[in-house]
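Common to both upcoming complexes is subunit A, partnered first by subunit B, then by subunit C.
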Partner chain A sequence: MHNFPNARSVAAEHLVLEQLGKSFGAVDVIPSLSLAVRKGEMVAFLGPSGCGKTTTLRMIAGLISPTRGRITVGGRDITHLPSHERDMGLVFQSYALFPHMTVLRNVAFGLEMRNVPKPEVRARALRALEVVQLSHLADRKPRDLSGGQQQRVALARALVIEPSILLLDEPLSNLDAKLRDEMRVQIRALQQASGITAVFVTHDQVEALSMCDRIVVMKEGHIEQFGTPTEIYEHPASPFVSSFVGRTNRLRGTSDSRGVITVAGQQIRAATAEAQGPVEIMMRPHRMRLAPAATDRNVPDATPVQGQNSLRGVLERLTFIGDLVQYHIRVGDAEVMVEEATRRDQGAPCAGTPVDLTWQASDTLVFPAAAS
Partner chain B sequence: MSAAAETRRRPLRAGEVAVLLLLPIALINAVGFILPVLNLARYSLNRARIGGGIEQVFTWENWTGIFRDRFYLDIVINSVGVSLGITIATLILSYPIALYLHRSHGRWRTFLTVLVISPLLTSAVVRTYGWIALLSDNGPVVGTIRSLGLPAPRLMFNINGVFIGLTEILMPYMILALLAGFGRLDPKVEEAARTLGASPTRTFWRVILPLTLPGIALGCLLCFVLAVSSFITPKLMGGGRVFLLATEIYDQAIVTLNWPLASTLSILVLVIFGAALWAYSAVLRRLD
Partner chain C sequence: MDTEKTSWAMRILVFILFLYLLAPVLLVFPMSFSGDQVLRFPPTSWSTRWYSALLENRGMMRAFWTSLGLATIVTALSLVIAIPAAWTMTRLRFPGRDFLFNLFTAPLLLPTIVLGLAILIVFASMGLLATTQGLVIAHLVVTLPYALRVLAVSLGTQNLECEEAARTLGARPLVVFFRVTLPMMMPGIVAATALCFLVSFDEVVITLFLTGPRISTLPVELYNYVYNRADPLVAAASVLLILLTLAVIMIVERTMGLGRTFVR
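So, the complex of A and B:
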């Protein structure tokens, strides 16, 4: 595999989807999708099951034809190009290895289809197997491999042809947790080493956040947000993104003209408060702190410390999950979760006691309340 | 509690269950297949009396006779050749249908499957007469060819008719056997080939065909065996001018009343089937 040292600095748009749409009969699965992926970057398609990730990927790969719109790669319109002329490497969720061929023949297949001379085919296929550390299994049939090994063969098979774009459809979802972690690192390293443009479909937010340069959050066939992992996590564009990416607390309240939000009879502030009227506020559990209720504070009328929010509630239960403790606190009729790292000397508050929640006003996200 | 009651309550072992379950079919096979075949083998080593009847002497003359007589040798070669030809024709005509059926879904698939199986609900005699009507010298097929100004071929009462009729009659069996063997053909694997740069043609030769070879082998075995042993269609459509093993056995057993010779030819058919089965398992072994 070649190295493209400039691939990152050249932020040229490589794969572009223009108002791409797909209907199956009367069902409009993808209404209209526009997106530009830069050369050498790895973009995640993240979204719940059935939101159209696979459908979009299959349109890019040319396995189904779009109902509307255009797909270009490096400025060239490939919307109507048949799949086998597209030069894309696709890794299927089910791997889809050729069961009648050995591992080596599987990897060699794409090169043979490109009429690469025989000795070179063998050399390159073997090298690709080396990269995924499977040279010793070259003569096995796919059914004699473990899931993780099959997955790596599928990856080698897609990468050996040095495609212009690598497409991965939930490649890790059939692996166990430990192997998944290893493969994540390996796929990302391979992608960066070859400087290949990659689209990674997943419904696992950790995968998307940890592996990809940018994330497309999809919902019901449209893009909710397209941005870097930090942008997506810190500045979610909608309550959907906020609750889909990472854990989040959702509370309902009312915002007045001064930007003061009333939640369960208590007042808090947000960094920005464009919205007025009924709002939905969101906070990340690990950005909040918990303290035994201060008796000297008169809750409803207290003036908040500058830049600091505080809510009083009752600790309902706590869950110990190893390196974290999750506190579930009832505030009005809502439940708020706070996560804290476990400490050995911790004097944990008991369930049923009143507690104060505190967090930075800048960590408060405000969205206009949904109509429902 | 007595020891006898104790043993009676002991659950059956897997081997014992298997023996019990296999016993009925083993008995039926022994009485309905093995015994008659042994009987045939015995007749084939006896001597025929002129005008029927069997002389109970041990002789190899039936066997030496059929291998010396050019007539019987030709019948064997002809039967095997024609059956192979019919098998290949059936395969070529059935394969696309089976592939299409394999890929269709839902009600459409059910409908098509019923359509494929429906000829089996009609007797081969009726279907053969249908073909006779279509292919005879004043039938629509020959008529159409003639009206195009082409030289009209003889399609009836010769090997052509037998070939066409048997091919059509065997197609449902071939399609069902192919479908049964298409299990390994995953559409995702075809898509993988396409994304790796294989054109539809190359995908077919490199992926689809190899993956469907088990089905092809099964279908060919089935159709070959059915073609060699088919009797009604060659009899009716051959018009007495086509000599194949099945028709010859019938003639020897019923017309000439030479049971020893009929038995010898029957055993020969069994040997041919054995060879076909061996070839089939050899192919399957090669595939895996």
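So, the complex of A and C:
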């Protein structure tokens, strides 16, 4: 039925988007999007605002209808099914609790819509509130609850109907940092305990990396990369993914046929070197080391350590952020950041001194330089 | 110290302003308890005779019940028409939507005397003059724009995601409307009800053209009364009208809170 190369996972595929597209007037917000979410996994749609992640989520929920393509859940075509027949739990960024109903009535709403018998509605709604540890607030109105509590009510309301898919639209964006960490753990635990298939829309890479089984990195309405958090972080498919997920250094250079890359007049190597000509190289700041520049007598360039890259630059400034020190080093006309864990016995190099940066050649990512 | 001085100056200014605005209303109270034959201030003697005269004035009382019934019918019809209309104009996108909304709310800007004349001309040819139906239709022209505007604001400021949440939870469109949209616009509905009722109850200009010996409303009857005579009976009627208005405002305040209803 589906036309996907990965035949092994076909049986486990639950939510499938096939060449899904959305246009608003003449604007192609999403040209064509295809992906398959497996049963029981949590997938993040990660991207900057305006990348189409929320639009995609709303198409899955049936709140906007796609211009082209197909959506299936468990093999059933739901593309044209109205949202109230889709059996999906949606958690909004604004929580969207019904202000005129008590917490309990909010949670019970979906069950009432399903014509569940009254005593059972109450019991199940209360149990759902217990799961999010809010049963003591069942008779309050949403406006009497804190943001985190409201978010948990919204979660209980979405989960109590045991939907086939749980959709979360930036659910943590309105919470403060500490609460966000707690809710991250709680949402993930709930999702894994219930084994529900979940789609999580976020612009926060930490949320995506820490909570989800796989991540769809989106940009301008198309998928840049779809993979596990490790794949996305270690093997980004494009400079965009590399710089959007985690911190990264971007340098411009020129690659020759032997895979030697010239950056700011100095030569380095990369693990893979399929690109030739102008390239962009990327390194994670925390995979690099900093050392005072070697003196002329023991020139490191002459006898480089096997598999290691080295660049000379000038330390411009350093930023102390508690558990990390960030060094900003000027290399040619580019700035490179190095992150090192702080140590108490560390003698910090002074700004303005020449330094050598070293890192593994295998930690160097090379992309053909963008046209810009 | 400095702020206290300015705040005193401000208080006096506000006091004067309120006095200026409310003086006519406040004057009516002592005048209604006048024992004199003619309307004058200050009264030379005190009594409640004009209240009893008012209650015994059959024409006046009939006009009062007409006004009360009329305002009730007009308010109910305004809501029944304006709620779906406001929903359509805030929730659906269709060509000419803004034009339609402006058209419906245009009577707010027109001089009422022009409206009254126009309605008179139209109704005369249709035999609707001095009929209850005629009055209801004419008042609707004035109350609907208020209702529509208040309800549209109420709907427009609602969190649309609540409706979407209800939809994803399995609520059919009509269920969404009655269980989520309508309860959430309750402050707007209360405000619209109060406004429509008071506007219809107080309407004079248009009503003047449409009433006659067969049917008349309280404001028109009062107007006619003052035209012929100048005794304090109208003051007594005014006091009762002020108290009625206050009662409506109090009900709104008790159920919703004035701030939530009228100030957005």
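One rule holds for everything that comes next: the second predicted complex is superposed on the first by the 354 of 372 C-alpha atoms of A that agree within 3 Å, B and C clash if a C-alpha of one lies under 4 Å from a C-alpha of the other, contacts with A are read in each partner's own complex, and residues count from 1 in each chain.
Please note the rule applied: a residue touches a chain if its C-beta (ideal position, glycine included) is under 8 Å from a C-beta of that chain, and two chains touch if they have at least 3 such contacts.
Fair warning: this is a prediction, and the values are worked out from it, not measured in the lab.
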Superposed partners subunit B and subunit C on subunit A - clash or fit: clash
Touched partner set for A:12, first subunit B, second subunit C, both or neither: neither
First (subunit B), second (subunit C), both or neither touched by A:92: both
Subunit B versus subunit C as contact partner of A:189, first or second or both or neither: neither
Residues on subunit A lying within both footprints (that of subunit B and that of subunit C): 61-63, 82-90, 92, 94, 96-100, 109-110, 113-114, 157-158, 161
Residues of subunit A touching subunit B in the complex: 61-63, 82-90, 92, 94, 96-100, 109-110, 113-114, 157-158, 161
In the complex, subunit B residues that touch subunit A: 184, 186, 188-189, 191-200, 202-203, 206-207, 210-211, 287
Contact set on subunit C toward subunit A in their complex: 159, 161-162, 164-173, 175, 179-180, 183-184, 186
Touch list for subunit A against partner subunit C, complex: 61-63, 82-90, 92, 94, 96-100, 109-110, 113-114, 154, 157-158, 161, 167
